[in-house]
Every structure is written in C-alpha cells, then in structure tokens.
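Have a look at these structures, which come just after this line.
You will see two complexes here that share chain A, one where it goes with chain B and one where it goes with chain C.
So, the complex of A and B:
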C-alpha cells in the first residue's frame, strides 16, 4: 500500500481504492447480503411491507418441499417434491454435461498441445474461437433449428437409415444436454490445452521409450500434469451449465425444467421476489459447495482456477 | 500403428471442427430459405426477403442499438475498475491480498441469475427506502450494466494482472527520480505498458456483455437487448429474420477473424525474413 502511495501519490491511490471498494462492496457484497435478507421475508402487498406481518421466517425456503409428485425408480414408486426433483435433475444433467465436455475436449486438447503442427495451431485456435464470439442465444437457436422435429438432424438420420422415425429431441433433457455441451465445451478445451502445453514432451517420450502403453502414459503422465486445467474446466462448465437459463429455456420443454427456470418463474411470473431470492440463494449455496468439493478432490486452490 | 493413431487424431480434429461450425452454417443457410419457419429442410428456394424483414423490424433495430450502448458502457466501466483492481492487487501481499483476490475471482463463478436478482433487489430497495423516483433506482438497462460489470471486471482484472506481472517497476522508479509527477508516472509509464492487456480486456468485456442474458433478463425493466429480443422471438413466433441477423453477425466475426489471421501471417513472415537476414549476416561475418 505504501508502495502505491509512493508511486502514484495519495489522490490516485485513494481513487483506485474507491473503485475497488465500489466494485466489491456495492456490486458484490451488499447485493448478496440484501438477497439473503430478502429471502426470509414474506411476500406481502406493498402497504403491509414493514408492518407487523413483515417478520423473518423460513417459509420461502420451505416452499421447495411443496407439491409432491409420484415418480418411480426401478419400479419402486416414491413421492418427491417437484422443485427438489428439478434441483436434483439440474445437478445431475450439469454433471453429465461436464463429463461429456471433458470426454470431447481432452483428446483434442492433447492433439493440439502435443501432436498438431505448431505452425497451423494459431489458425486452428482462431477457427475454434469463432463460435465463441457468436452470442450464446444464437448458438442455442442454431441447435433449436437442427433438433426440430422436422429439422435437418432427423432428416439426415432418416436418410442414412440410422433411425426409422423422427426423434423428438426437445422433449426431455436430450436437447438441453446437447445445447449446453456445444455452448460450453470450449471452456473445458482451453484450460486443459494450456495445462498440457506446459508439459515437457520429453516426459511422454521417456515413458514411451520405457515401454508404457499409450493409455498408461495418459493416466500416469499427462492427466496428473493437466489436473489444474481439468479442475478449472470442470468448475467452469458445471457452474455455467447449472446457472444457464437461456439454453434450457430454448432447447427444453415443460418436461425438462431447469432450476434457474423455476427461479425465473417465481421472479417474473409469480412476481414473488422473496421466494425467488430464497431459491437463488439455494443455487448460490450449491455452487459454493460444488466448487469447494471440486477444489478438495483435485487438490487445487481457487487462485489456480483463474489461470 | 503410430500412423493410424495420428490419422485418427486428425480425423477427430476435423469432426470436432465440423461439430463447432455446422450449427452456425445451418443457421446461416436458413436465412436464405424461402420458408416461413427457420430451417434448411425442406429447401424452398433462395430468397433475400428475410434481410428486408430484418431491416424493417424496428424493435430489433432498437434492441440492437441498446445492446451496443450497454456493451460499450460495460466495457468502459469494467476496464476502469478491472485495471485499478489489478494494480492494487499487484502491490499488496499477505492475507488481505488473498481475501480480495478470492472475492474478485468468485464473482466469475456466481450464477448470473443470482447476480441479476440481487442487483435488482438492492437498487430498487434503496430507491424505495429513499422514496425517490430517480431513474438510477428503477429497473432498466443501467442496472444491467452494473450487474454485468460486477463479474466482467474480474475478467479484465485477470488479463491486466497477467501483464503487470512482467512489468519492470524500476521504470517507474527512474521516472520518479527524474522528477516526474505521480500522474505522469501512471499516464506515461504504467498505462502504456498495460495497453495491450487493457485493449484485450475491453474486447472481452464488450463481447461478454453482448452475450449476457441472465443478468439482463432480471434487471432490464421493459427494455430489450438483442439477446433478450432474440430469445423472446424464439419462444413466440420466430421468423427467419433472426437468421438473417445471425448470418450478418457471423459474417462480421468472420471478417474480423480473417483480418486478424492475415495480419498475423504477415507479421510471422516479416519475423521469419528478419531472422533469415540475421543468420545470413552472421554467416557472412564468420566467413570473413
């Protein structure tokens, strides 16, 4: 701090501190505290706000457990609250998306970092960047066209005889998973690519010379080295998927509800901001827990993720 | 065996590129299909009427303008805040640094839905508490800007911080010793060094802002941005006018990418020639 003052003087230093304080306090901390506080208040008509009925309670959180529906698991029927189910499915399918992204991105990242001709690499990277610059809503829309019941994908699959009748992709979670994987696979690719690039190729060659089969080289040499990149990619993809509102809304249907859509409905349709806050807080809590677990499992620090 | 695996890797690379590019191609193609619904099958012949429909769609043009204004505002604010944060983080150490740094990074991981709702609630509540009708406290695109800056600033901060780490602080010492004022040190020494990172940060912020849906959706009031508008069109009565717009945006991206690529190749060639020249010169010297 003294160093800053010596270099840039008191005024500029104070200005910089003010800017940072504005960001962290006014745009991050205070809004989240307000959200937390609001989530315990009941939804009241304007005249009653601040009145005797305006007391803190856990009722908004309890709404998650309202409205049970019947489901069956391997033939065993059970009752589950509909929002809990949405929540569980959101997490489950976000994990599916994360795994799919990893499976798609890892071989490519290795190819780009270790096999591809370094001269053609910048062109390759540029080609991969193009979809990233096209906005997310348009990418989801593109898949909406492709996956439509009478769309190109069904037409193609019918033409080559892979299926006998058109598939309804949008019903259920297929469309959502495909769309999210497409939208976020690059967030998995680039961290892993960066991590593998820093691996000394001699290590791979040494393992190869000593007779290790190719899968063992990956398991014992490449994967451990790429761990921070993998952790970073997994955290990013999971968070983006679980927090996505656009893709599930466009590529899903009523049978594939995403938890963010439930929050959106409380906020926009029911106009009950307090319950929406409670649900948003649950989502935030989940994300924090997930990141902490992921950091523990991969044994990396939060500051490594940002690289 | 090795050869086979190499070819498989190339094939995979090709398939992946197709996977990434094909949806964009399908979307662009649908812009030229003379069909009421956006699709490339069945193909009913070429038309350019969707481009006319796009230009005549006033709401879309307003939304497009709004998007640009928001994106520029976000880029400017995020660059200022992000750069200041990077300089501050770079010059402190210990626990405070860890705490501040973790807070900044964590904003990237907060779901957009949470940012949107919390920003909206805070500012409208403040307005209610003060009993003012001042525009700042009503829902609107200015709240979207604030919400977006809250996490986009962190991305700018990371870019600038990375560049700061290779900065030689001795330059500033020298300038101070030679009698430069504090403002001069900042303006003439530090900022010029940071310009590449600041430029990259501004571009990232601009594109991130255009992409944003979650924050905007909750804070926008009744205003449209392009993302929100396209979304509402897809939900209710979509026409290929969107495809026409998408095609134009993809073309702009392609042209920018092409310019970048040509420029990069030219620089690489110049560099290679210079190296060759240097090698020839050394060889000549040794010969003499």
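So, the complex of A and C:
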C-alpha cells in the first residue's frame, strides 16, 4: 500500500482502490447477496411482499425434488425428480465436455510447446484466436448450421462416402457437447500449453534416451509436470460448461435440458426470481463441491492452479 | 560390457551451417575419450549424433560395428548424461535411477534392489527415498550417473556434466568419474570445454574447432606435441613468434624472426605452409647471460604470483610480450621489475605449427 502511494501519489492510489472496491462490492457482492437473500423468501404477489407470509424458508431449494418422472437403468425402473435429473445430466455432460477438451487440447499444447517451430508459433496462435473475435452467439449458430440435417457436414460426409444417409447430429446432448467443446477448448489449451512450455526438453530426451516409448514419456514425465495446468484447464472448462446458457439454448435438441435453462425458465417464464435464485445457488454450490472433490482425488492443490 | 564406436566421415549440417565436418574417430571399448573444444565447435552435435537425437547428414556412426542410422535414441546402447542432468524432479531418487528399468518392464522389487546397488556404486547410500530437490549438486551428479548406468549401456555419453559444480567439487568428481569408469569398464565419451578436465581424465582427447577434429591423441601428446596452433593455444599458454621457416634438418628448422633466427621442431607435413613458433611459458627460461640459441633480450615488466608457479611477464626491445613461468619451489630467484635478462628456450621444446585446420 505504501509502495503504491509512493509510486502513484495519494489521488491515483485512492482512485484505484475505490474502483476496485466498487467493482467488488457493487458488481459482485451486492447482487449475489441480494439473490442469496431472495432465494429463501417465497414468491408472493406484490401486496404480500414484506407481509406476514414473507418468511424465510428452504422451500425454494426443496423444489428441485418436486415432480418425479420414471426412468430405467438397465431395465430397472426408478423414479427421479426431473430437476435432479437435469442437474445430474448437466454435470455428466460437463464432464464429457471437459474430457473432450482435454483430449483435443493436450496433443495440440504439446505440439505447440515442444515440437512446433518457434517461428511459426505466432501464426498458429493467431489462427487459434481468430475464431474468438466472432461473437459466441454467431459461433453457436455456425455450428447449428454445420450440424443441421441438410447442412454442410452431412453433405461433406455423403460426398466422400463416409456415410450412406444424413446423420441427425443435434439429438440428445450431442449438439450441446460439440458446441461447448468448441466454445471452451482454448480455456483448456493455454494452461496446459504454459505448463508444458516450462518443462525442460532435456527431461523428455532423457526419458527417450533411457528407452521409454512415447506414451511412457507422457505418462511419467510430461503429464505429471503438466498436472497443475491440466487441473486449472479442467476446472475452467467444467465450470464454464456447467454454467453456460447460450450454447445449450441454441444447440440443444428437444430432449436436452441444461440446468441453466431450468434456472432461466424460473427467471423469465415463471417470473419466480426467488426459486430461480435458489436454483442458481444450488448449481454454484454443488459445482464448487464437485470441483473440490475432483481436485482432492487428483491430488492437486488450489495454490498449484493459481500458478 | 562396452563397445567400440566408429565415426566414419561424419558430417552434420544445420541449414547452410556445417556444424560437424568430416569427423573420423575410432573409440576403443572401455576407453575414456573426450571431445574438447570451445563452445560452438560441434562437440555437442557429435554427442547428439552418437546418442541418436540428430542424424548425421553424411557418413556413418557405428557402435559395436553396427551402423546406427535410423536407430532411435531409445534403441541405441548409449546413455546420455545431460549438461543440466535432466533428473526427473517429481520422482524420488530410486525411481529416477530405475526409470530405464521401469520402461523395460522390470518388476518393482528388482528395480528397487538395482537402484540401491547403483547408489552404493556411486557412493550415495541411503538417498533412495529422497527427492531430487533435496540433493546437493554433487549428489545430483551421482544420481544422474547411476540413472545412466542402470540401463547397462555399452557407451556413456557425458555432456559437460561437471560445468555447474564449484571448483573443488569439480576436481573431486573428476576423480570419481574416472574411478566409476574403471570400475564399470563402460566406454565413456566426454564433452568439455575445460582443457584441465579433459587432460586429467581422458585416455585420449579429440580437440575440435569449427566443426573439425584438429587432433586426436593422448593428453600428453595433445599438450606436448600439439599438431597446430589452435590445439597449442586451446590446451595451454604459449609465447608465439611470427616469422619465416628456413631449412629443415632432422625434424628441426630455422625460423627467421625479428629476434634473429630461432630454431624449433617441425612436422614433415607442416612444411611450406604459413607457420608460427609456439613455446610454452614453463619452457621459457630467463637468465642473466645470453643463451647459445633461441635467446631474446628482454626486460621484466611484471611479476604475477599464481600460487604453484610465478608468472614473469617480460617485454622485448620492440615491445613483444614474452611470458616465463617459474615453479614456486624456492629454486628460482624472482627477478625485480625492470631487470634486463635474456629469454631463451630449448629448440626441442618449441614447435613450428600451422594455424587451425578449418574449411577454406
């Protein structure tokens, strides 16, 4: 603090602190606290707000367990609350997206960090970044067009004879998974790229020289070194996927429902902000718990990720 | 278990730059062979070609008589010790050492046992479960050697592994490396820019400059009978005289200089080329009286005490610096600055040498 004042003077330091404080308090803390408080109150007609019926309860949170439907698991039928199922599927497909992003990003990150000619790297990075200049809505719609039943992907596959008749790509969660993977793969790529860049190339060569096949080099040398980067990429992709509304809305099929869409419906269709808030906090809380457990299982410390 | 290594007309180009030019060397099984040269002379490129990380542009590398072209580093009977050692920081010491066995599918108990044995060989018992970051520089060195020995290579390749150590430890590790090499009988190929290291450890040395091997000989011959000016200059100090060589008789030649005709050894194949006279400071004598031959009048301009020896810097009448070294054993009297003396040397101790062998 003293250092800041000495360097920039009292006025600018005070201004910077105020801006940061404003950002934190007004744009992060206050809205969240407002929603958090609302989430415990019932949705009431305006005249009853603040009246005797307006009391705190967990009723809004309990609503996820309302309205069970029948499903079957290997032929064994069971009942499951529909919103719990939506939540479970959201988590499951977010994991699928995370794994898909890792599978795509790791080889590319390794190529960029250790194999690519340093001279051509800026070009490669530019090629990766250019799609980000287009808005996320347009990119999602672009995929919607590409994956359409009579779209270019099917046309191409038919033309080269890979398939005999058009495939319906946007069924179930397929479109959502493809769209989310595309949207967030770079959030996986860069942490892994940074991690692998910091690995001494001699270690790879030493393992090679000692007779290790390529997969063993990755398993024993590269992956353990890149673990913090992989963890940070996975956390980002998972959280962004689970919290995405746009991609599931555009690339979702008639049978896919993302938990964020449920929240959105409580907000906009039911106009029940109280329940919507409760659902939003359920998503935030459980995702955080899930990520914490995952980090524990894979033995990664939070401080490693921050590097 | 050791193997012979043959480099036959080996060249290596990086784009238009020729890093190694027509290298021919035959390294005997069990030999301690050093490549010595300044940075950028191509010695590391040679090492990387032998280990398989680079393919030679031309020529053949044979290990145990078998051409290695197309063989990946993990298929060659070589083990490389990197300049920065490249130990795996996330594995404990014993896993580092047994990594080569792990990839060969050896079971854990055998690996552990082998690692302990190797730790004993490199005098580092009880460090098996430590992490690499807990070790000192010299200990890391030993782990790197043990890791390379674990795969029972026919050839050990060492890329300046001692350069990161401090002077005392470096001298200690020299002896240690030599001892390990004798104990295991493995062929060692050692890369260094430190002539002291190369002279002290090697059976033979290949001195390199600008991609070319200048001379291959045992350490004594490299120092006492350098083949050209580059070798003479790289492995030690010299007083160098410019001039013109005259008649040759019985391996000796006259050499016309500004200080009269000096006499020195000459190689048969050196005749006719541009030559210079090289004589070592420790072979340069100072006396009050004029010597019979090779005598130059000088004045002492500086006395530098180096510990084991005393360096006397003199200047001739025309300002040429001539250095003589006296052993600090009390036998010689140290002249005062300004004393007029005669510098001389035995003709058999001086040599007429061409410049380095470089591409025209």
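The rule is short, and it goes like this: the second predicted complex is superposed on the first by the 277 of 307 C-alpha atoms of A that agree within 3 Å, B and C clash if a C-alpha of one lies under 4 Å from a C-alpha of the other, contacts with A are read in each partner's own complex, and residues count from 1 in each chain.
One rule holds in what follows: contacts are C-beta pairs under 8 Å (C-beta built on N, C-alpha and C of every residue); 3 or more make two chains touch, one makes a residue touch a chain.
The shown structure was predicted, so the numbers you read here are calculated from the model rather than taken from an experiment.
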| item | value |
| --- | --- |
| Clash or fit (per the criteria above) of chain B with chain C on chain A | fit |
| First (chain B), second (chain C), both or neither touched by A:293 | neither |
| Touched partner set for A:225, first chain B, second chain C, both or neither | second |
| Chain B versus chain C as contact partner of A:212, first or second or both or neither | second |
| First (chain B), second (chain C), both or neither touched by A:125 | neither |
| Touch count on chain A, higher of chain B and chain C | B |
| Chain B versus chain C as contact partner of A:270, first or second or both or neither | neither |
| Which of chain B and chain C A:25 touches, first, second, both or neither | neither |
| First (chain B), second (chain C), both or neither touched by A:103 | neither |
| Closest approach of chain C to chain B (Cα atoms, Å) | 7 |
| Of all residues in chain C, those that touch chain A in their complex | 51-53, 72-75, 78-80, 82-84, 86-88, 90-91, 99-100, 102-104, 147-148, 150-151 |
| Residue ranges of chain B in contact with chain A within the complex | 5-6, 9, 12-13, 16-17, 19-21, 23-24, 26-27, 30, 38-41, 80-81, 84-85, 87-88, 91-92, 98, 100-115, 117-122, 125, 146-147, 149-150, 153, 158, 169, 172, 176, 181-183, 185-186, 207, 210-211, 213-214, 217-218, 226-227, 230-231, 234-235, 242, 246, 249-250, 253-254, 257, 260-261, 264 |
| Residue numbers on chain A that touch chain B, as the complex places them | 1, 3-4, 6-9, 11-12, 15-17, 19-20, 22-24, 27-32, 34-35, 38, 104, 107-108, 111-112, 115-116, 122-124, 126-131, 133-146, 148, 150-152, 155, 182, 214, 235, 239, 242-246, 249-250, 260, 263-264, 267, 273, 276-277, 280-281, 283-284, 287, 291, 302-303, 305-306 |
| Residues of chain A that touch chain C when the two form their complex | 200, 202-203, 205-213, 216, 220-221, 224-225 |
